[in-house]
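In what follows, chain A forms one complex with chain B and a second complex with chain C.
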Partner chain A sequence: MNQIVAIARNTFLETIRDRILNAILVFAVLLIVASILLGQLSAGQDIKIIKDLGLASVSFFGVVIAIFVGTSLVHKELDKRTVFVVLTKPVNRARFLVGKLLGLMTTLTMLTILMGLAYLGLLVFLGVPVEVGLFQAIMFSWLELIVLTTMTLLFSTFSSPVLSMLYAFAMYFYGHNAQTFKLLAQKAAPGLRELLLGAYYVVLPNLTHFDIKNRVVYGYTAGFEQVGLAIAYSLVYSLGLFCVAAVIFHKREF
Partner chain B sequence: MASVVKWVVAGVLAAGLAAASNWRIESLPEPSVEYNILFVPPEKLVTEAASGFDNLIADGLWLGLLQYYGDRVVSDDHKFMNLPAAFRLITRLDSHFWFAYWLGAFALGDSHEPDAAITMLRWGEQNNPDDYNYPYLAGFVNFAFAKDHQAAANCFERSAKKPNASRFARTMAARMYQTEGQDALALGMWQSVLKGAEAEGDKSLIAIAKRNVTRIQQEMAGLRKPAFRKKPRDVSARADMDKQ
Partner chain C sequence: MMDDWIVEAVGLTKVYTSFPRKRVTTLDNVSFKVRRGETFGLLGPNGAGKTTSQKLFLGLLRPSSGSVRVLGGEPDDPEVRARVGFLPENPYFYTYLTGREFLEFCAALFDMRGAAKHQRIDELLMLVGMSSAAETQLRRYSKGMLQRIGIAQALINDPELIFLDEPTSGLDPLGHKQIGRIIKTLKAEGKTLFFNSHIMVDVEELCDQVAILHKGRLVASGTVGALTGDGRESLEDVFVRTIEEAEAIGR
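This part shows the complex of A and B:
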């Protein structure tokens, strides 16, 4: 356990040193400038647009950082040969990965909380009622980040950062259009094609489960069951991805 | 020190050149109005690629559309390009964006595209089935811009059946049926308005409804000439927008 905590702490400090948290500053400035300008440009729709922009930015910054940092997480260690220093000690390879994942997730959690606070603070400042749905949308974005971070970690165990990034963005894009594959599977003629499309839909991530930000702006609140299932899906799917990553990393020769 | 001076001089020169080219570009003649087209990206591409950022993209398009529409209105040049496509894309991306529907209904109606407005409002009604505003606005577009009173009456009646509907929906439907000469429907609608007004205790509406009920009953009995009857516009060429 101590080993995992040490690796996670190191990864967290490393991302902080990379000035990842500067994203919050950009986020805050973006929101404040938008709140000043939109009043004049949006024909009275400024609050709606600020709500949309805030939630989209929380999600966007998180996703970009998860993918950019996550894809170089393992590669950097291999490139700098620091992985040997760790793995020559009695540290299990899977534990090394857990530590890396937890370290990055700590950074992303902190980032999401701070961006969420800045966003909700601005809404309070503007006198906009803060509904439960807005908290839920931020929490759902964080759940999505867990899946994405684990996925990028998986890619980084066997691929170069650039390719991992491409895979991750492709998966992100697929994940938000997963319903199309479901539709294709339903419309395909019975047989191998239907089976394959159905398998894609089940195996590949369905990130639409975490996307409620477009609805909460109009007062939508996710029910207890939906929240529970989203948490379960995020954790179970990430666990599955992590198992694959652990196997690949275990078999990998440096 | 000398190298720093070199960089400063180069920087100042570059800034000067940038300013000069900027000034030159700005002094070029403005493109004529005909070329001032609102750019609307392909709907299929945008909706597929939105990846969960649908509302934000709709907001961006909305801001662009407002500036374009405002410019054209202010300049008294009412040549609008791509308005139907722009409103359609915005409402496809954010199907609850009421204000976009509202502006779209008036802007499209005003630019002789009432059918595009009705189609947009029907999409809004499909996605907001409990909101009486969408069919109400569609009724208004049919009435004011398409001059199709029958379709307007259908829309107002549909609006009146929605939860918390405006009482004006029923009144408007009654009046539309009256102008179309559909006395039985108009009578039923005015009687329903009367019932609602009595329940609410709205004296002025009770008086209006009673007056109309009596008038239609007398018209139906041949005791007086039909009022409010308008020569219907030929809308047979129109797509069957709101007849169902």
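This part shows the complex of A and C:
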């Protein structure tokens, strides 16, 4: 446990001391503020726009940071040969990955809280009512980040940062349109195509479980069952991705 | 009395295969042994297979054929690793950490805690002459300082066997001297040292046994005295002659 904590702490320090991350964070907070102010100026002064743009910014920047930082997580260790120092000590390779993942998740959790506070604080400041649904939407974005971070960690165990980033963004866009594949599978004639489309739907990430942003701006609140499903899907799917990453990393030579 | 072999390589071969069917043999049927307490130098020109050998002894690579035993066990066995230290070539550590933070991180990987951990770190900082730079971030360290903090991390667990990959290459004369002094201290403490180098003066001064690799093959091995005819020839001359002979017969 001491080892995992040490690796996680080291990864956390590495990511928060990274200047690029600070730049993205400042940009994110500025954009959240700008989007809300812009919403105020828009015709009809619709509260929905203010809520919607801010939430989208919180989610979008979380995704960008998870993918940008996550894809270089393992590669950087290889490139700088720091991995030699760690893996020649009595450190189990899976524990190394757990540490890296927990370190980055700690950073992302902190950033989500900061961006969320900036967003909600501004809403309160502007006198916009803050409903439970808004908190839920931010929590769901965080659950999505767990899946994306584990996925980028998996890609980074066998691929270059640029390719990992492409894979991760592709999966992100697929994940938000997963229902389309389900519909296609249902409409396809029985046979190979139906099987393949069905398999895609099951194996690839379904990120629509975490997307309640468009509804909460209309005052929607997710029920207990939906929250439970989102948590369970995030944890189980991430665990599956992590197991594949651990097997690949265990077999890897340096 | 039975020999106490601490590193054993038998028929060690490493072949890299890449697409479509390209095979590159970086080590070819190499066998040698290192005794406890010895300082062993693995020599060879660039690309001879020295780093590949060390990576096989450290479990970072797996042999294509042949076998490796370190401290009587498998190199990737955590119990073996707990007794081994390693300084990589041109080490690039976590640059945003201070020297002390970096050693604390390494100590945590060995599950070291509390007062014993802090005492060990202070001892090592003293040994490598880095106490005054302990609170400075590694990105501000010179190459010699990085090498010295690298030796400190390799010794954090008080290892029986220490692998050093090109420990003196690229250092200025002062840095070179300091590293040499640390290695001599370790030797005097009875540690087994295994180092890769192509700096003959260092090897001649520090090593008991040497092996010369050329294009992945072992072309000579023995005590420094035996190879140099008890000093009649310099190790550098022996090395150059051996490599030229190996080239001439096409090995």
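The rule is short, and it goes like this: the second predicted complex is superposed on the first by the 235 of 254 C-alpha atoms of A that agree within 3 Å, B and C clash if a C-alpha of one lies under 4 Å from a C-alpha of the other, contacts with A are read in each partner's own complex, and residues count from 1 in each chain.
Criterion: contacts are C-beta pairs under 8 Å (C-beta built on N, C-alpha and C of every residue); 3 or more make two chains touch, one makes a residue touch a chain.
Note that the structure is a prediction, hence the values are computed from the model and not measured.
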**Partner chain in contact with A:186 - chain B first, chain C second, else both or neither** = neither
**Request:** Classify the contacts of A:218 with the two partner chains as first (chain B alone), second (chain C alone), both, or neither.
**Result:** first
**Message:** Quick check on the superposed pair: does A:208 touch chain B, chain C, both, or neither? Answer first, second, both or neither.
**Reply:** first
**Request:** Look at A:48 in the shared chain and tell me whether it touches chain B only, chain C only, both, or neither; answer first, second, both or neither.
**Result:** first
**Request:** With the two complexes superposed on chain A, say which partner A:56 touches: chain B (first), chain C (second), both, or neither.
**Result:** first
**Message:** For the complex, give me every residue of chain A touching chain B.
**Reply:** 38, 41-45, 48-49, 52-53, 56, 59-60, 172-173, 176-177, 180, 207-208, 211, 213-214, 217-218
**Asked** Residues of chain A touching chain C in their complex?
**Response** 2-3, 5-7, 9-10, 13-14, 17, 80-82, 84-92, 253-254
**Complete:** Counting only contacts in the complex, chain B reaches chain A at residues 48-56, 58-59, 62-63, 66-67, 94, 96-97, 99, 103
**Request:** Mind listing the chain C positions that touch chain A in their complex?
**Result:** 55, 58-62, 78-79, 81-82, 84, 86, 88, 90-94, 96-97, 105-106, 108-111, 113, 153, 157
